[in-house]
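The same subunit A turns up in both complexes below, where it pairs with subunit B and then with subunit C.
The block that comes next holds the complex of A and B.
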């Protein structure tokens, strides 16, 4: 456990090396948030209710979705691609360090680092913009919200892990990663709550893992989901986690079997 | 000029060939780009179909703003893609080779990595712009001239920003995200800047010229842009371009070679 605590500390130190770079990264997340926020803010200047959402519920959704992006989507797993391509991955074969646990620790460190900044930034935005937002205090709503967030976190970790492992076989793994990020942004609920889409399309999307990273937890926070929707959502999360964890383990073994290293 | 066109052509062919080496990756990137474009367009259609207007603009007008944004964004990505690789050249010391060759280092750093994907997506986009111009029944010659003038202004703003990012890359190798900040900033222009509340609207129109780049061309086309604002845009971009070139000259004098 102690060695992973050291990995955690090193990850934070690495994040603090390029401070200007990190500050710019945070600025990017604010700019992305502002675009989505103001599209919806503008819509509600002339209407009280759109797609069943009120001003308070949609602006809360936008802010919680931004939180989900900070918690779920911040990751260090993709560093693995460079590690495989450069051959540094052999370190895991000769050192007493768990492959999955190492990247999981780095991921958690990165997420905690980002959450801290997210809280400061959003507090500032709320102070400046004064949006009407919903502060959720009901435990029966908050508990499923936290569990769903955790589920989304595991799903995203596994997907990133599996896609990054493709570097064992192919030269360029950034194509699938880019595609996945676009899927997430567009169809995972980052830009808009996906229940505004036509029902058949919404139903199909809910069978994929993407809505469970942003849309599902954010919608849970609003407390407007029925019991059947919640149960169905958690069942799909459970199925996806089971499938992805199994696939991740198979891919790791296959990848290391395929891997060969040369050099001095 | 002829020499530079020939060099650009050779680098472009070379860049396309490199991209074609990993064809399945190319297809995935292309698919992702189309999906990103289609998803945002679909979102705007769903949203504005329900609300009828967005910041006072009809659905067709909002789509035209979005297309105009994409036109400038794709054009600048197509031509200035090499900027995304510039930091690596500085950190590794490869920028030394840019300096010793009989080719302007700014030209080499800006223009020599044209992106095939952007070239592919540019053609249907131009057709879509033409379709919406026709649909909105823009007939005035003045409107069309204003549109192309503001597109040129927007392109020069993009050029100036890219030069500033290159300069920043030399002055401080710490900045990876600078070009992506630019992308996110201009991304705020995917919709008319009128949606933002003051003072953000004023800031991104007159200080950080997202509005000039992305909103002015479509507004000029629809006859919604006044001449004083057009003149302001031309003066602003002239100053910005001058400033960026001066910054580049300042930065390049302070370049010290890296690596071993």
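The block that comes next holds the complex of A and C.
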């Protein structure tokens, strides 16, 4: 256990060393947040209700979506790609160190760091703009929200892990990863709540893992989902986690086997 | 019992051939022509505890491949490998905790952090006891003379300093078996010497079993009593450094300084001329004929100085490789 605590500390040290990078990254997320925030705000200047959302619910959605970005979408798993490409991955293979646990630890360290900044930024935003927002206090709503967030986190971790592992076979894994992040961001509900899409499209999307990264937890927080929607959502999360974890393990073994056969 | 035991080890890399260009890439998607690169092709050796063995061969000989198999990174194509009685590729904790692999061109230190932080991480990874950790860091950094750079970010260190820290971090858990792949590559002469002195000292002090690879004879000559010479995946020689001379060089070298310039034509009858510069000559002579030849040289020319030497090991090894081609 102690070794992972040390991994955690080293990850934070690195974040502090790359504070300019990190600051730029935060700046990007703040700008993104402000952009989405003001687009929705201007839409609501002329109307009270759009797609069934009130000003308060949509702005709350935007802020919670930003939280999901910090909690679910921040990751260090993709460092693996460089590590495989440079051959430094051998340092893992020759040490008594759990491969998944190592990256999970680094992810959690990164997430906590991001969450800290998120809280500071959003508090400031709320103080300055005083938007009408929904503060959720009901435990029966908050508990499913937390569980769904954890689910989203695991799904995102597995997807990133599997895509990063492709570096064992292909030379440029950053390409697919970039493409994927665009998909995840929009189809996951980072820019708008996806229930404003046409119903058939929305229904199909809900079967994919993407909406469970941002949309589903954010929507749970708003407390406006029906029981049947909640139950089917959690079932799909469960199924995806099972599939993705299995796939991740298979890919790791395949990756290591490939590496040990071809040497890089 | 041997600490390292290798029996008929083969490691073939499967690679596929691609026609150049766009169509080649399309073709390769459907139809790949595979072929094998025989990086290691049936080698066997045993290494007892505490021995320091030099593994030499030109680039592409299969040295790195062998070390990767021995440290559990590569799965052998065939053959049997045991290190500390275990199969490396199973990567058991007990195996991993007792070996270390240092590659001159790979690094495990965290680039942006001081070496010290990497030490601490390895301390936890290998579950090294606090007291032993402190003792090992103190001892190793003193041996290498790097006590005062451990708190400086690694990226600010020179290559030599970095390699020393790489050595320390790889040795903190007191591995019983150490694989060193070209540890002196890219270092300047002084740093190379420091590195060699350290490896020798470490081997003696901790009774660690060490395999050191190099494409450079200097490393091995100073360090290893036993050398394994490998070329194109096969072992050409395995034995003591001194008996290489006996086995592969049944000749001596006579070096003569003359009073006056001597015609090279007149010298040709004495043996194979290696070097000639007017009043200096170096000739190769069969072992049995050394005395007769030296006497004849002394009587026929005005000789200032005459030396009879064994050929340089570098030259012998070069000959071995050339002959193998």
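To be clear about the criterion, the second predicted complex is superposed on the first by the 259 of 264 C-alpha atoms of A that agree within 3 Å, B and C clash if a C-alpha of one lies under 4 Å from a C-alpha of the other, contacts with A are read in each partner's own complex, and residues count from 1 in each chain.
One rule holds in what follows: a residue touches a chain if its C-beta (ideal position, glycine included) is under 8 Å from a C-beta of that chain, and two chains touch if they have at least 3 such contacts.
Bear in mind that the values here come from a model prediction, so they are computed numbers and not experimental data.
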| message | If we overlay the two complexes on their shared chain A, which of subunit B and subunit C does A:127 touch? Say first, second, both or neither. | response | neither
| query | More residues of subunit A in touch with subunit C or with subunit B? | reply | B
| task | State whether A:35 touches subunit B only (first), subunit C only (second), both chains, or neither. | result | first
| field | Touched partner set for A:260, first subunit B, second subunit C, both or neither | value | second
| request: Go through the superposed model and pick first if A:135 touches only subunit B, second if only subunit C, both, or neither. | output: neither
| request: Would you check which partner chain A:10 touches, where first means subunit B only, second means subunit C only, and both and neither mean what they say? | output: second
| task | Identify the partner contact of A:90: answer first if only subunit B is touched, second if only subunit C is, both if each is, neither if none is. | result | second
| request: Classify the contacts of A:183 with the two partner chains as first (subunit B alone), second (subunit C alone), both, or neither. | output: first
| said: Quick check for you: in the superposed arrangement, does A:18 touch first (subunit B), second (subunit C), both or neither? | reply: both
| request: Using the superposition on chain A described above, determine whether A:2 touches subunit B (first), subunit C (second), both, or neither. | output: second
| query | Where on subunit A do the contacts with subunit B and the contacts with subunit C coincide? | reply | 18
| Where on subunit A does subunit C make contact in their complex? | 2-3, 5-7, 10, 13-14, 17-18, 86-88, 90-91, 93-97, 257, 259-263
| Where on subunit C does subunit A make contact in their complex? | 13-15, 65, 68, 71-75, 89, 91, 93, 96-97, 99-101, 103, 106-108, 110, 112-113, 117, 120-127, 153
| subunit B-facing residues of subunit A, complex | 18-21, 24-25, 27-28, 31-32, 34-35, 38-39, 41-43, 45-47, 50-51, 129, 170-172, 174-176, 178-179, 181-183, 185-187, 191-192, 196-197
| field | subunit B residues within the subunit A interface of the complex | value | 22, 24-29, 31-33, 35-36, 39-40, 43, 46-47, 50-51, 53-55, 172, 174-178, 180-181, 184-185, 187-188, 190-191, 194-197, 200
